[in-house]
Amino acid sequence: MTSPHRYTLTISCPDRAGIIAAVTGFIAQHGGFIVEASYHTDQETQQFFMRQEIQADSLPFSAAEFDTFFAPLAQEFAMRSQLTDSAIKKRLVLLVSQQDHCLNDLLHRWRSGELLVDIPCVISNHENLRSFVEWHGIPFHYVAMQDKAAGFARIAALFDAAQGDIMVLARFMQILPPALCSQYAGKIINIHHSFLPSFIGAKPYHQAHQRGVKLIGATCHYVSDELDAGPIIEQDTLRIDHADSIEDLVRYGRDIEKSVLARGLRYHVEDRVLICGNKTIVFR
Amino acid sequence: MTSPHRYTLTISCPDRAGIIAAVTGFIAQHGGFIVEASYHTDQETQQFFMRQEIQADSLPFSAAEFDTFFAPLAQEFAMRSQLTDSAIKKRLVLLVSQQDHCLNDLLHRWRSGELLVDIPCVISNHENLRSFVEWHGIPFHYVAMQDKAAGFARIAALFDAAQGDIMVLARFMQILPPALCSQYAGKIINIHHSFLPSFIGAKPYHQAHQRGVKLIGATCHYVSDELDAGPIIEQDTLRIDHADSIEDLVRYGRDIEKSVLARGLRYHVEDRVLICGNKTIVFR
Amino acid sequence: MTSPHRYTLTISCPDRAGIIAAVTGFIAQHGGFIVEASYHTDQETQQFFMRQEIQADSLPFSAAEFDTFFAPLAQEFAMRSQLTDSAIKKRLVLLVSQQDHCLNDLLHRWRSGELLVDIPCVISNHENLRSFVEWHGIPFHYVAMQDKAAGFARIAALFDAAQGDIMVLARFMQILPPALCSQYAGKIINIHHSFLPSFIGAKPYHQAHQRGVKLIGATCHYVSDELDAGPIIEQDTLRIDHADSIEDLVRYGRDIEKSVLARGLRYHVEDRVLICGNKTIVFR
Amino acid sequence: MTSPHRYTLTISCPDRAGIIAAVTGFIAQHGGFIVEASYHTDQETQQFFMRQEIQADSLPFSAAEFDTFFAPLAQEFAMRSQLTDSAIKKRLVLLVSQQDHCLNDLLHRWRSGELLVDIPCVISNHENLRSFVEWHGIPFHYVAMQDKAAGFARIAALFDAAQGDIMVLARFMQILPPALCSQYAGKIINIHHSFLPSFIGAKPYHQAHQRGVKLIGATCHYVSDELDAGPIIEQDTLRIDHADSIEDLVRYGRDIEKSVLARGLRYHVEDRVLICGNKTIVFR
C-alpha cells in the first residue's frame, strides 16, 4: 500500500482546439511523465475539464513552484488550474450523530491505509462514540446542538482550528445553515439515504416503503444551500421487495450508505471530482 | 419449453392464525400437489396474501369447479381468491408509438415461446411498425390520436373486441384519461423511463441529465388515474457518468426499459403480482 | 432493533403431497401464528425443504418440548427437523489473520445489534488485532500456526471450550485439515475472494488480473474437505476495467468480501440456509 | 441519431514520456479538434495505448492521407496506429444456429440505427431463421455443418466474398477450427453463456446449476485457438437462487447474453477495444 509520489493537475477552461496539446506539451517539455489522463467537454457550457497525474520526481519543480511556470499557459487559455501533491494529505473532519456505520467504515479505511487523509478530529452532538474514536487516537469534540446557531458556529470554529480541507457529514442528521454551506462550498460532503432526487428530506426509507419502490439507494453529494440538491458525486441502489420492512430498508441502507460515501469521498480526496454548475465530472 | 399444466391460486384476506393450514389442508384433502407456495402479511393493513401453484391433474376438479368447492373456506376467512389455469392463455394487447424496442423485445419473447400469452392485436397511432407486426401474423390497428377522446374510445373498443386481459403501454407516449384507467384498473401496465418517483412526466432522461444523477432507471407499473403514480411492479437502474449525453441515456435506457417491462409483465402474466393499496406484492 | 421472540422450524423430507398441510395443520392446531413461510422442492433429489418462523408466545410449549409433540408427524413424513429459539443466541468464533476488514465489519454489526450472536472469542495467528478485539470486550487468542497440526488442534479446543456454534474464517488464510472440516461440517463458513468456481486457491485477484476478467467477485461458502468446493451460500460481483491494478482489485475486493460474508453469515444465523448435497437452499 | 463525422485514431507503442504531447501536438498543429481522448499504460508490458476521436472536418486531410503525414511520428515512437473513418461502416457477418435471441436483438439495434454497421449477410446451419432475416432485406446463407471442414471453408468463403470486417458468433454453437481462428484473429467475436473462466465448454448453465452458484453470467470475447480462452471484451452477471431450474437459468441467461454481446460488439465497432496480449483495453 505504499503510494507513489505524484502531482495531480486539474484544469477547467473554455473549450477550443489545442488545449491537450498545450498542456501535455508543457509537461513533456519539462520531462514530466504522465501516468493517468482524463478529459471531458461539457456540451451545454462548452467548458473543458482535464485531470492528469504526473510522476512528481519527473518534474524539475515543486508543487509550489509549478504555478509560476504554468502561469503563461493558464492565462492564454483562461484556465482555472490546481496542482495537488500526494505527499500532502488532506485534512478530513468527520461529523457524526449517534449512528456509527459510516464512521466505523471510514475509520477502518483510514487506519488500514486505504483512505489517505489526516483526521484531525471527529465532531458529534452525542457522546456515545467518544470511546471508539479516541481508541484511534483521534480527538473527539462534543458540540451541543440545542442552540443551533451556537452549535454551528462552534463546528465552523473547530473545522477552522483543525485546518480542515473536507467536512464529511457521516449521518450527522442536522441541516446546515445556508451561510455555512456557502462558506465551505465544495468542501462539505454529505451522504443522503435515498437515491436523489427521490425522497428528499427526512425519513427517506419511510418514504420509500410508503411508495412501494423495488430498489432503495444512497447519494453522496456536495452540500449546497438547497436541501439535498447539491452536485451529486456518487449513487447506488439495492434491490428490495415487499417482504422488507422499514427496519430492513434501514439495515440494507446502511451498507449502501457506507460504500457510496466511501467511494465518493475517495474520488474527492484524489481530486477526481470537478464541479460544473450543479453537476460533477468524476474522472475515475 | 413445454410448460406443465398448473392451477395458480391467489388469495388475500385479513391476517389471523391458521390460514395456511386451512388452505393447504383443503388442497391436501383433495389430493392436490403444491409445487410452489408464497405467503406475505402486510404489516400496515394486517392483510394476508398467498399464492400457490398446484399440479392441475392432482386435483379432482376443473378450474371452473374449484370455486364451488372452495366457497365455504373462502367465506370463513373472508377471502378474495382467484384460480387461474395455465392452459388458458391471457390475451395481451400492445399499444405502441414510433419507438419499437419494447415491442421488438416482447414479440421475440412471444414467438420463441417464452412469453406465454395470446396477442390478438397491436394498436398504434403511427403506421411505421405495421409491417413488422404483421410479419408475425398479428393484426395491426392504426388509431389516430389527434382527437384524444375518439382515439381512446377506439382503443377501448378494440381492447374489448379482442377480449383483452392485459393492455401494455410499450412506450405509447400518450397519457390515458382517468376514466379509462379506472375502467381497466389492474389491467394496464406501463413502462416509464425513469426510476420513479424521480422524474415523473415528460422527458425523464433530459431531467436526469439536467440533475446530474449517476444512475438512470426504468419502472414498470400499473396505470392509475394519477400520472406515473400507480403501483410499482418492477424497477431497475444502470450506471452512467458525466461523459454520457442525453442521447446516450436514451440508448442505455432502452435496454433497461425492455428488461424491466419484460420482467414485470412476466410476473403479471404468471399471477405473481398482488395489489395492496398503492403497492404490489410480487411473489417471484 | 428489538427483535420479537420467534421459533424457527426448518424441515427436510422426501417430497409428497400434503406436507405443508400437515405441518401448518399441526402448528394451527396448537394456536401457532406463522409469520414467515418458505418452501422448496429440489427436483433432482425430490427432497422437500421448508422453513417457518412462528411467534413464540403463540405456541403452548417451549422449544425444548416441541420435539416431543412433533415427533409423530416427523416420523410419518421421515422428516429431519430443527426448531431454534431466537432467544438463544448462536455462539460465533471468528478466525482472522492480519487483514481485518471482515473482522471490523462483523464486529460493528455485532456491537450495533444487527448481528444477533454471541462472540465468545476471536482467534488469530497474528497479534496485530488484539487491541481492537479487546476494546470490544471480546477475548483474543493467539495461536501459532508454524506447527499446523498443533495449531489446528488448539483451534478446535478453543472452539469447543467456547461452545461455538459457528466458526467464521474471516480471511484466515490457512487451509483447514480435512478432518477438522468433517468434524464441524455445516458449521464452518469461509469467505473466498473470487467468484467461485473461478480462481480457486491462492491469490485469486492475481489470477483474475492475469485472465483479464471484467468483473471480480467473492463467495461465502461452507467449508468442506475439498478446497473452495463446499456449498455456496452467497456470491456477488463488481465491475472493474483495464485501468485497475492488482492493488485496486484487492481494494475493491475487500468491499465485496465484507458484504458477501455479512449476508451469508446472516442467512446462516437466521437458519435460512439448508444444505442439499453440495448446494444450498437460502430462504431469504 | 445522426452521428457526426469523426476519425478515430488508436495507437499502441512502448511507454515513455511525451507520447501524448507528441500526438496531440501533431493533431493541434493541423487544427484538429479532439472530442474524446483515452490513455492507458499496461504495467506488465510497459506498453502504452491511446484512442482519440477527432472531428473529421477539423483536419485538412482524409483518413487515407493521414498515414503519410503521421508516418514520421509513428516511426519515432515505434507506434502501431490505425485511423478509422466513421463515414465508412464496418461490415458485420452474423453466424447463428437455431436460437435467435442475439440475432433478434442485434438486428433491431441495426434497423433502428443504433448499431452503425452494414450487415452483408447472415449465415446459419439451420433454415428456421431465413424468413426473419430476409424480412430485413439481408441475404441469408444456409451452410450445412455435417462435414465440418467443408462447412467452415464455405463460411470463410462467404465472409471473404462479403468483404466482412467482423464475424459475430451469435450463439453459433459450433467450435471453429484453430486455423480459421488464427486467420481472422481479432475479427471474430463470440458470446459465451457463462462468466468465464467458469464453466468453459458445453452446457454452462447445466454446470452452473450443478455447482449451485448464486449468480450466472455471460462473456463476450475474441475467439482464439484455445476454446473460450480468448481476450475478454465484456462480461456481466445476474442473481439467481435455489428455486431457479436449469430452464430458468437458460431463460435469464438469454437476457445477459444479448446485452453483453451488444455492448461488447459496440465497443469493437467504435474501435474502443485494443488487444494487449490475452487481455483487452476497453476505452468506454
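As written, the chains take the letters A, B, C and D, and residue 1 is the first residue of each chain.
Definition applied: a contact is a pair of C-beta atoms (placed from the backbone, for glycine too) under 8 Å apart; a residue touches a chain by one contact, two chains touch by 3 or more.
Just so it is clear, the model here is predicted, and its values are computed rather than measured.
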Minimal step count in the chain contact network, chain B to chain D:
1
Which chains make contact with chain A and with chain C at once?
B, D
Have a look at where chain C meets chain D and say same if over half of the interface residue numbers show up on both copies, different if under half do.
same
Can you tell me which chain lies farthest from chain D, using the average of the Cα atoms as each chain's centre?
C
Inter-chain centre distance, chain C versus chain D - centres from mean C-alpha coordinates, in Å
41
Mind checking the centre-to-centre distance between chain A and chain D? Centres are C-alpha means, answer in whole Å.
37
Pull out every residue in chain C that's touching 2 or more other chains.
36, 243
Touching residues of chain D toward chain B in the complex: what are they?
1, 36, 100-101, 104-105, 108, 112, 114, 132, 135, 243, 247, 251, 254-255, 259, 262
Contact footprint of chain C on chain D as seen in their complex
40, 42-43, 195-199, 211-215, 217, 231-237, 241-243, 245, 276, 278-282, 284
What residues of chain A sit close enough to touch chain D in their complex?
17-18, 20-22, 24-25, 27-29, 31-37, 39, 41, 58
